[in-house]
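Note that chain A is present in both complexes that follow, paired respectively with chain B and with chain C.
Let's look at the complex of A and B:
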């Protein structure tokens, strides 16, 4: 039976980061998750805080922290250290990033041709950031690859309000070698193909041949390799002779796969354990403390004992919280009380406005402890009080809360030994 | 999520409606990674499932489901709790029921039959297994790839050794259920690797267990993976009727193959719908041998007098073990052996997937799936590798030339070295 100082439940950005930091600090960590999480669907950059009125992420944090029940109210002080730790962790796994909390939030193009505001991005997405010095934007699509449609994105971008943007937006579609013979052209399939140096050379020269004359920044689908990503991106810039950036599109997200893999490797390299695929089915308590969780198994459950537990199972969107037909919301692992709007406010007329149920989550003390269970910390989008889609604060809250939880647990006897 | 757990929690028997089309499963599928012929777990599973079933149509909408090797990695990766691999296995069985199965698949699944002829004729059959011409003919006539991972027959079965040793085969009159275990050796130990069975008995007895080896047959897993559910149920029912009385009397059933033990624990109920009291009783008391020994260690009852084995060892946790949901107990046991430098392969699948890697039309896929693992084994510099499932061992050994053993063999060796005394040259004691 596994025993750990800290058992982390959930394998999203929050859970993985918390497990990595605890393991790096020398704690025995066991991460248990019922399946993969949202890393595989995200764009790979960091959304720390970008409500509409904020020029930088730091301003965004300040605005959100002033709101009555927003997680940043208690987490704002952890933003700097947690983002720095994350970027260092990524860099050590070969995923350099650029940007900071003080970098201006700038509109960058998305795969459907809208603009989203970003300030901290993986190196391979950095060229999407302004300022544009008179270059044009050239979007490249791949023939028969249907998950990123360059002409469609370019048409929309031409109509977008994009102050200081590119001088012109153009699109070309390139037939990559061998794609005509493939039936299943998914992002991760192309990413694996780009790992092969011989194929990559032919693919990049096919793209180079299709480039119109001019000074461009080139947007490619986010499929530039997996563990050889840095090399693939460098090759692309070298062969094409322009700055190149990746644009994430429909899931699975290749930048997200890289992020997951980098954090997974960090946890394992620091002596942590990871078990993905088995849900928590039972919790052992002693008074106000949790002493073990049980995960489902082929016959008997697996008992995972721990001194402290971190809940990182997500909110409504990540299925850490479920709605029941009787109008109540339940937190699935520990049954913690969920703070949420009343049932009559569960519905929204406008699908494009923030949904009231997004704010549902667990209310915590200043060190992220659950008021009901003293050795349980709650992190990431399990926390109540944020509209993480509209405020674009999900990644920042995930990192800051993971850092705060790891720091507070590292000070307790659970990890001190 | 395992199937019976899902059923207990009121999920529909087919969980495919929970699919949110996120494609995480397709990114982790080892078969889709190496062949474009297989569109991946989502397409043949939750997508195609909507067009299966009574009244929907006769032909299966996606017959490439037969390319699924059944490793189960998709089910574990799914964020929404869809039982993808289980759905695909049942879809294959439905196709087999409707259209029949090849002679080859019926034959290579019938391991008891193979053993019945193979072992008595061992010198001859083994020449056949090693002879390139015979293997070529096997490929042309039967469709068993000439380089498919097969091992040689033992000269004597494990059960005949057990008989000669006068080992217990029935419920003892007086016995302590806590200190008596039923050994499920499986067809592989019986016909191909009896030494592993002896190692297991030795390790169990050293830790104070009395071992019983009752009548048993192949667990039926090869039939399950080939969609031959009818034949699998026959095997399963016979095993259950032999094992259930031990289970009810409180005895634990322990196996050295994580494939067989997973069949007893889960697949009899999940795939074959054997939901009776016998199946549950047997599932509840079935243990993988490393799982059992680690549990013993957790209670402070394992004989931890392990002699050093100063060597690197590459350990590959097989897919079937991962489906147990018990972690990697072998790695925890290896940590108890001084100077043994065991490293987890951290690779998804060796490719063999039971009989999958034997089939002429699947052999290359199986090789490509396992290729990064084979590279790791070769690069490890280890003189041997370890793995808990037999066909994975044969696949790794055949593809790398590195002898591959069950973790119990390493443990037994360490115990024997301890007995022989540190410093003395070690000799195998049979």
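Let's look at the complex of A and C:
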């Protein structure tokens, strides 16, 4: 049966990053997760902290850290190191990024034609960032691909307040070779097709043939390859003769798949172990310490013992926290108490406004320990106190808390390697 | 009488009753025009539990309604088979249900002409294994599942074939009356363009249901409505194959109706001052689940997709001189045709109130009998004889048919805008060919777009793009309205998987797409979404 110094539960950005850092620091790590996580829902950029009033992510962190009970209140000091470590980790796996905590947060176009504030992006999305030097924006959709809405998005962007934006916004729909015969056209299906050099050459030349004259930056659906992504993107810019950026649309997110795979490879290369697909069904304790968890493996339960445990199962969206119909909220692995607003204030009236319930999570001590279980650390969206969508801080909190937990566990007896 | 009338009769209200009245008028040769303030079937008819009543529910409390129901049940099976899934139904007595009610039930059914056949409990539990094992008696009755949107559309289509017209998004704002008080015209406002228009007529029928009191007030008449809000829950699968009713006096959570791939647990009954109050409270949800547990133990652990409420068109019985009661269930559900000429001095104005969706045709017949007589038309009612137009298949809609059609073309998801309900782009395009001014929420009623487990998370932006291609600039307001409508029905049942689904939806709309930042200046006229829907 597996035994580890640290058992990490959850395979989102927080759990994967924490496991990767612990493994890099020489700890024996076991990562268990019940399924793919919210990386697969993301746009692929890094939301460190972009509350409405903040000019940069650093300002955003400062604003959020001043809020009572926001995770950045205890994590702000870890932001620099954790983002730097993450970007280095990504670069070592072939996923280069641009931007920093001090780069200005500027509007970049979304797949539906609104502007989303961003500062740190993978290289393949960098061309979406301003300033625009007089180029136009050309959005490209693919015939029969239902999740790219180039004409609709272009119309919306033409009406957007976009200071310093493109000179003109246009849209074109391109029929890619073979797509007329394909019955299932999902983002990851197209991403795999783009990995094939022969098909890619034909696909890119079909796009090139459809380009109107002019100086453009080109927005393509975020389907430019998986592990060969850097090569596909470089090929696209070379063939099309313009800068090209990817635009994420409905899940599954190909940029998120790349991120997941890069961190998974990193953990395995550093000697960590990963089991994805099985729920934790039992927890063994001794007093206020957790001794082991049991997961529901293929034919029998698997006992995974550890000296320390990291809870990275996410909030309500990631299913780490579940609501019962009577309104009680349950943390699903350890049964830790969940801090949340009273039930009659869970929601705002407008689905596009933040809901108080989004702050639901686990309250922790300053070193992210659970007050109830002394060898359990809580990281990422399991933490209480943030409106991660409106503050756009979920990735930053995930990385900073993962880094803080890994650092503090690496300094304890648990990882005395 | 108004000699220069454009039409003989204006019908107000585009639910089942109004559509039925329009058809009946047209079949008797009267020139008729229907106006509806929102989309057709967007009021109470589109917000009911989907049950074609046998009438057994009312044998004790309301024998007139019971008799009406069983008669119309037979008529609708004959004239509208494509809107009915013949599921059958059971009345079951749980240990909590009163003995005396159970004892009187068979005789009361016989009295009303409803066939209620005792069912051995072994047979019942074999047919419906999820039912409470402690059920102590069961009767089979001719209940069924009825699709309201298709029923209303079929009535409107038939009415059009007979020369009538129906217009949606037309709110009545004023009545013109002659010196003797008779109605001469109805003034309507187009809820989208804001344009106003006067329709000269010889008579007006208000089939506005729970809103009939407000319409009567505009005409200078009084009508004491007592709207009864009924809330329902949609569970994400069929728990039973047949309709299940509690063998007890009508109460909360005593009906479970299988509808397509889901089932509906209903209903509550709360007297509300405002028929537009469609808010489902937490107490109602709790009451429905608590009572639902007595029919299907464990039902409160099932995934609830949505909660919704409709407003029963109940007429305050005290206004008729009957006994007054606070509980709206005690108010008769039998219908009343009210001649406001005789009652309030507003000649040529009738209201049809009360009744059930099951009895809409009878309500229409009784109304049109009165209106036609006043216009010296003696043609008899033929709506029970002539079948309604139906799809070529002549059978009820079944999701499996859509899957089969998709598979016949090779299968795959590329054509699907809405995966839950298998709505293809072609189907949306067709719906927009038929009614080009549709909003996304209107398209939902004709195609079932966004009605599955994800409640629109994936199909809404895709469908918005389809709409944008047809009517540039119209999509954003429509998208926001549709999102608000889907959200309203989800938040009161937001727990378990459906809360996680809501968070996924939020992640898509606010995180990835930043829909809240969408430009707010559509180049063409914005769309008006209905507050109630």
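Assume the second predicted complex is superposed on the first by the 413 of 417 C-alpha atoms of A that agree within 3 Å, B and C clash if a C-alpha of one lies under 4 Å from a C-alpha of the other, contacts with A are read in each partner's own complex, and residues count from 1 in each chain.
To be clear about the criterion, contacts are C-beta pairs under 8 Å (C-beta built on N, C-alpha and C of every residue); 3 or more make two chains touch, one makes a residue touch a chain.
Please read all numbers here as calculations on a predicted model, not as lab measurements.
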{"item": "Comparing the two partners chain B and chain C, which touches a greater set of residues in chain A", "value": "C"}
{"item": "Which of chain B and chain C A:41 touches, first, second, both or neither", "value": "both"}
{"item": "Partner chain in contact with A:319 - chain B first, chain C second, else both or neither", "value": "both"}
{"item": "Which of chain B and chain C A:251 touches, first, second, both or neither", "value": "both"}
{"item": "Which of chain B and chain C A:88 touches, first, second, both or neither", "value": "neither"}
{"item": "Partner chain(s) touched by A:269 [first = chain B, second = chain C, both, neither]", "value": "neither"}
{"item": "Partner chain(s) touched by A:52 [first = chain B, second = chain C, both, neither]", "value": "neither"}
{"item": "Which superposed partner A:278 touches (first chain B, second chain C, both, neither)", "value": "first"}
{"item": "First (chain B), second (chain C), both or neither touched by A:215", "value": "neither"}
{"item": "Common ground on chain A, meaning residues reached by chain C in one complex and by chain B in the other", "value": "38, 41, 182-184, 186, 251, 319"}
{"item": "Residue numbers on chain A that touch chain B, as the complex places them", "value": "1-2, 34-38, 40-41, 181-184, 186, 188-189, 192, 251-252, 257, 268, 273, 275-279, 281, 295-300, 302, 319"}
{"item": "Residue ranges of chain A touching chain C (in the complex, touch as defined)", "value": "38, 41-43, 110-116, 144-147, 149, 151-152, 155-157, 159-161, 182-186, 248-251, 253, 315-317, 319, 322-327, 343-344, 346-347, 350-353, 355, 358, 389-390, 392"}
{"item": "Residues of chain C touching chain A in the complex", "value": "282, 285-286, 289, 300-301, 304, 410-414, 416-417, 425, 458, 461-462, 464-465, 468-469, 472-473, 475-476, 480, 483-484, 486-487, 491, 493-496, 499-500, 503-519, 521-523"}
{"item": "Of chain B, residues touching chain A in the complex", "value": "1-2, 5, 22-24, 26-28, 32-33, 36-40, 75-81, 262, 265-266, 283-284, 286, 294-295, 298, 322-327, 346"}
